[in-house]
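Down below is the structure, laid out as structure tokens.
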Amino acid sequence: MSRALITSGPMGSGLNLPAVDMSTSIASFETPMPVFTASGCAAAGKELDQFFDITQIGGIVTKSVMLNARSGRATPRMAETPSGMLNSIGLQGPGIDAFIENDLAWLRQRGARTVVSIAGGSVEEYGKLAAKLRNVEGISAIEVNISCPNVEDRGQVFACDPNSASQVIQAVKRNSDTRVPIIAKLSPDVTNIVTIAQSVERAGADAVAVINTTLGMVINLDTMRPALAGITGGLSGPAIRPMAVRCVWQIHQALPDLPILGMGGIRNGDDALQFIFAGASAVSVGTVTFNDPSAPMRVQNELEVALAMRGFTTLREAIGYAHRGPDLDEVAEEQE
Amino acid sequence: MSRALITSGPMGSGLNLPAVDMSTSIASFETPMPVFTASGCAAAGKELDQFFDITQIGGIVTKSVMLNARSGRATPRMAETPSGMLNSIGLQGPGIDAFIENDLAWLRQRGARTVVSIAGGSVEEYGKLAAKLRNVEGISAIEVNISCPNVEDRGQVFACDPNSASQVIQAVKRNSDTRVPIIAKLSPDVTNIVTIAQSVERAGADAVAVINTTLGMVINLDTMRPALAGITGGLSGPAIRPMAVRCVWQIHQALPDLPILGMGGIRNGDDALQFIFAGASAVSVGTVTFNDPSAPMRVQNELEVALAMRGFTTLREAIGYAHRGPDLDEVAEEQE
Amino acid sequence: MAPLQLTGQVLDVRRAGMYTVLSLTAPGLAERTKPGHFLNIGIGGDESGLLLRRSFAIYQAQSRGVYGGSVDIVVGVHGKGTQWLVERRRHDNLSIVGPLGKPFTLPKDPANCILVGGGYGTAPLFMLADQLRERGCRVDVIAGAATEEKLFGTLEIKRAASTLTVTTEDGSMGVQGRVTDVLDDIITKTSADVIYACGPMGMLAAVANVAAARGVYAQCSVEESMACGIGVCMTCVLPVIGDDGITRMVRSCVEGPVFRGDRVRWSEVGTVPTDALGAPTEGH
Amino acid sequence: MAPLQLTGQVLDVRRAGMYTVLSLTAPGLAERTKPGHFLNIGIGGDESGLLLRRSFAIYQAQSRGVYGGSVDIVVGVHGKGTQWLVERRRHDNLSIVGPLGKPFTLPKDPANCILVGGGYGTAPLFMLADQLRERGCRVDVIAGAATEEKLFGTLEIKRAASTLTVTTEDGSMGVQGRVTDVLDDIITKTSADVIYACGPMGMLAAVANVAAARGVYAQCSVEESMACGIGVCMTCVLPVIGDDGITRMVRSCVEGPVFRGDRVRWSEVGTVPTDALGAPTEGH
């Protein structure tokens, strides 16, 4: 790689920096831009389109949709926590048919790249969902949410067991268009996330999305009971970023050819760059969107400046850069 | 429980509140006060004694000590993260003999209740450590750190495998004074923490300490490599509090008779009360001590006020209170 | 019109009883504001551990003036975020998103309106009262709270109202009791056509019940915990009956906060009614 | 004497080139301060996402005066915490812990002393220079930085020094080069007995080397990342040779930040030397 290191300082404000080729790919899905929304943090894109042009970012990852309409859980569904939040939405949504008819149609017409996230209560449901999407136009990739800790049936966290995880991926693969890459979304709540990544890769996943929320809980000190109606909820936001970067690093280390969509607490371009350096090919911005509705666009712009300041001319060169061997000058130093 | 609910407000400032009996126990260890330091966040008490009287809190949990002196890891050993930090100390310490001779002797002479934390690289080492402590005076309990993700040998995270975890506890039990309770300190980095709690209980643990740090990582954007010399580190502080409360809740739910020493991001009395309501019998204050060197004392005082304001006259009544069945008025409401 | 995201400057901070009124520059926002809109404010800057914005009803909106547009909000200290907010000083910057939500619907023809505010819930009723009177409506106001100090703006709102009735639960001001203790009478006296209400959930439920019993059309502005305020997170839902008669868990930030009183299933707020669309079925 | 934990008020904020000098009330702290002590400041209040305190050398300490004791620190903006700090205004409160660390050791008898400061590393040298002169020592100062703007206090420190030599790497002020380019000469000219140094690790290593080569006793104040600053966390260690000749990983916050130049294993800072006490053995 040839790079002229532009150090930060007075000119580090983004002025006069060369443009960076931000294109990247998640398996066969080629995208000109690397920053996506995160499932469940952008609905189906329409609301965010009021704050920035959603066709200018990598794309919209839609809220995980199930086969049938779902009311979700009772409220309270959220609690704020230090540098993060808990949620327990319970996958509220219109069901796949209404989703295709309304949300997906709108996204297609709007010209936004779309990653459809699906969630099921059984291997069969995942298969059916994939089949429903089979001949639908305008889907860049399918993200398979096998890790949501919020589903009503607590036994069913597919992402926590290598076998169930791979069964789901197989069912989705079998039933979906081979040209549409399948991204398995993993949970950090496992003893060894690499094992899960390996098993979904073997089952046919073309990429992984890392990480979903981690299970947490808050006690409401007025009611002296759990703050969420769902008792536990998913922890997200900057609080979990170090955990997410670690998961991306571990998976990229073990499976350097498996594309990773990285996420977890990304707040700015520097945060996004950590994920890229750790091995992510693209990133999603989730919870921070609640703080800043234009966050995905802003993060993408900041990421470009951050790359340019470090002399990168393409995003692709930066993917996994933190895993490189010792730099030449470091080697020289050691030999002294 | 008879309690007169004193609501917060002008008099919620701690004025005119009745004193609360703060005594509690961790298995056979009876303590008049429920707030402890956390291992690795208080050295062996001497430095904090400059900021508050360490005999006034529950006690000091000392930095995990190994059989031999250990240099720990190279620096950088820490990175700040949103509402938390990563550390990768690598269990630097003087070794058990020097620890007993100097640190423990000082603590005994100072009159502080002391929980000795031990860590080993093998089951055998744990056994030897327990044996070394066998006839030493002034030990209120032994905390067995089976969950530190920072040990040099990465394969050896005992806490992540029910078998290794119980082997360690058995070795410690076999070699230690039966009057000194054994607290197994668990890692949250497992698929199911209840399984681990069950296995250490079966192996003879008298209590569990929940939670140790969770594995995280930060990339330094100047060097474009991991920020810590140890690559990954343990994430601690308020960021992980919801995860910690969830672990305490799950274990207390499954094993209501197993005493829990709760910790993870406790910053104030309200935070401590969350742990107590979730099922902890006592709590440790760790990382926040770096922000506020008198935090353990302050948290204990605030916890007493928080209990009194809610009408509790003893801490013991509050342990696990969030698990109670519906209140009478709620039942009435539902029947309407 | 789409909400704006902007940085506003604190123009003025003044105490009003228990509350703090903040005036903020907000170019473009005032022009878009209708009575019942709210805005979202970021707490504590980029390194704050408090990630979520806090929501406040827009109390006043001045689209002209030296500052090229400003808005006022009324803040009651509840927890850490509102505490931080009332500590702001003149010239501090605040991150603002708004106007948000569906505002109150105004009657096309002159009508007799009762405005009911609980606590700081009177805040959005000022602009509403003004606009109703501009349309030739009669406006009667009821302001209620637990105690006198928790009332907001009772002196000022008098000007825009034909009558003002104050209720406090402890009798420290006005009639001792709740707003619903006087509502029935005032409906009769004023031959009310519409009731507008803003305040705690319990009050809204009670008002909606009285309105229903009397056959008066009611609009209630609810307050649910919101993570995003812009419709993307699904945390702020409550069970609402649609035009088709089907109950859905509906986002109060974009489909509310103002709802028709007879459409919200008040007694089931906080639950998912078993007949709601997509409600968990037995054995699931 | 034990460090204090207290809330100080910002008395004054003034720019000094690239740096910001903060004066803080700190009753009791000034009296305890010796040259080389540092203090720790909390960033952003109870809800801040920045949990760790930031460390600053004590630049001035006034034990008397209208405010019953105050201290000054010199802040260079490095990241988020220092940025927040320089945005403070008069009357803001700050949480302070100090004085911390082992200060410089002063010679018992009058001696010829060279004080070397890199960048804001001159800050703790002001008090040191004053106290050395009170003891009849000769004080010569070398202040170095990459460029003129990164120097601190060169005008003021002249007063306390027999000579001041400035070096900048870009030649924008004084001699072009590094402090060690002039040190050797000044040792000769002043027949120096002791060198005191504070600045970046690389500079300290170079100064310690020159001092060792010339047989001059050196004390260096190091700057390591610190989580606690009070000796309880073990994050701030570096390899230091003890009186017994054994190298240990030593806490720079309580056993430093001032170390004897010949005791720190400068080239191995950031590593654990294989002969350090308890260093990992082969195959472990």
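Structure notes:
First chain written, first letter: the chains are A, B, C and D, and each begins at residue 1.
Basically, a residue touches a chain if its C-beta (ideal position, glycine included) is under 8 Å from a C-beta of that chain, and two chains touch if they have at least 3 such contacts.
Labels paired with UniProt names: A, B, C, D = Unannotated protein.
Since we're looking at a predicted model, the values are computed, not measured.
Among the other chains, the CA centroid farthest from that of chain B (Unannotated protein) is the one of C.
Contact count check for B-C and A-C (C-beta pairs in contact): higher for A-C. Separating the CA-averaged centres of chain B (Unannotated protein) and chain C (Unannotated protein) is a span of 44 Å. The centroid of the Cα atoms in chain C (Unannotated protein) and the matching centroid in chain D (Unannotated protein) are 55 Å apart. Chain A (Unannotated protein) and chain B (Unannotated protein) have centres, each the mean of its CA atoms, that are 33 Å apart. Centroid to centroid, with C-alpha atoms defining each point, chain A (Unannotated protein) and chain C (Unannotated protein) lie 35 Å apart.
Residues of chain A (Unannotated protein) found to touch two or more other chains are 82-84, 237-238, 267. Multi-chain contact residues, meaning those touching two or more other chains, occur in chain D (Unannotated protein) at positions 46-47, 49-50.
Viewed as a network of touching protein chains, the structure reduces to a complete graph with every chain in contact with every other. By the touch criterion stated above, chain B (Unannotated protein) contacts chain A (Unannotated protein) in their complex at residues 79, 81-84, 86, 160-161, 189-192, 214-219, 221, 224-226, 231-233, 235, 237-243, 245-246, 249, 265, 267, 270, 273-274, 277-278, 306, 310, 321-322, 324.
Of all residues in chain C (Unannotated protein), those touching chain B (Unannotated protein) in their complex are 47, 49.
On the side of chain D (Unannotated protein), the complex with chain C (Unannotated protein) involves touching residues 43-44, 46-50, 80, 84. Per the touch definition, chain C (Unannotated protein) reaches chain A (Unannotated protein) in the complex via residues 2-3, 5, 42, 46, 49-53, 95, 97, 224-225, 227-238, 248-249, 254, 269-272, 276-280, 284.
Contact residues of chain A (Unannotated protein) toward chain D (Unannotated protein) in the complex are 82-83, 238.
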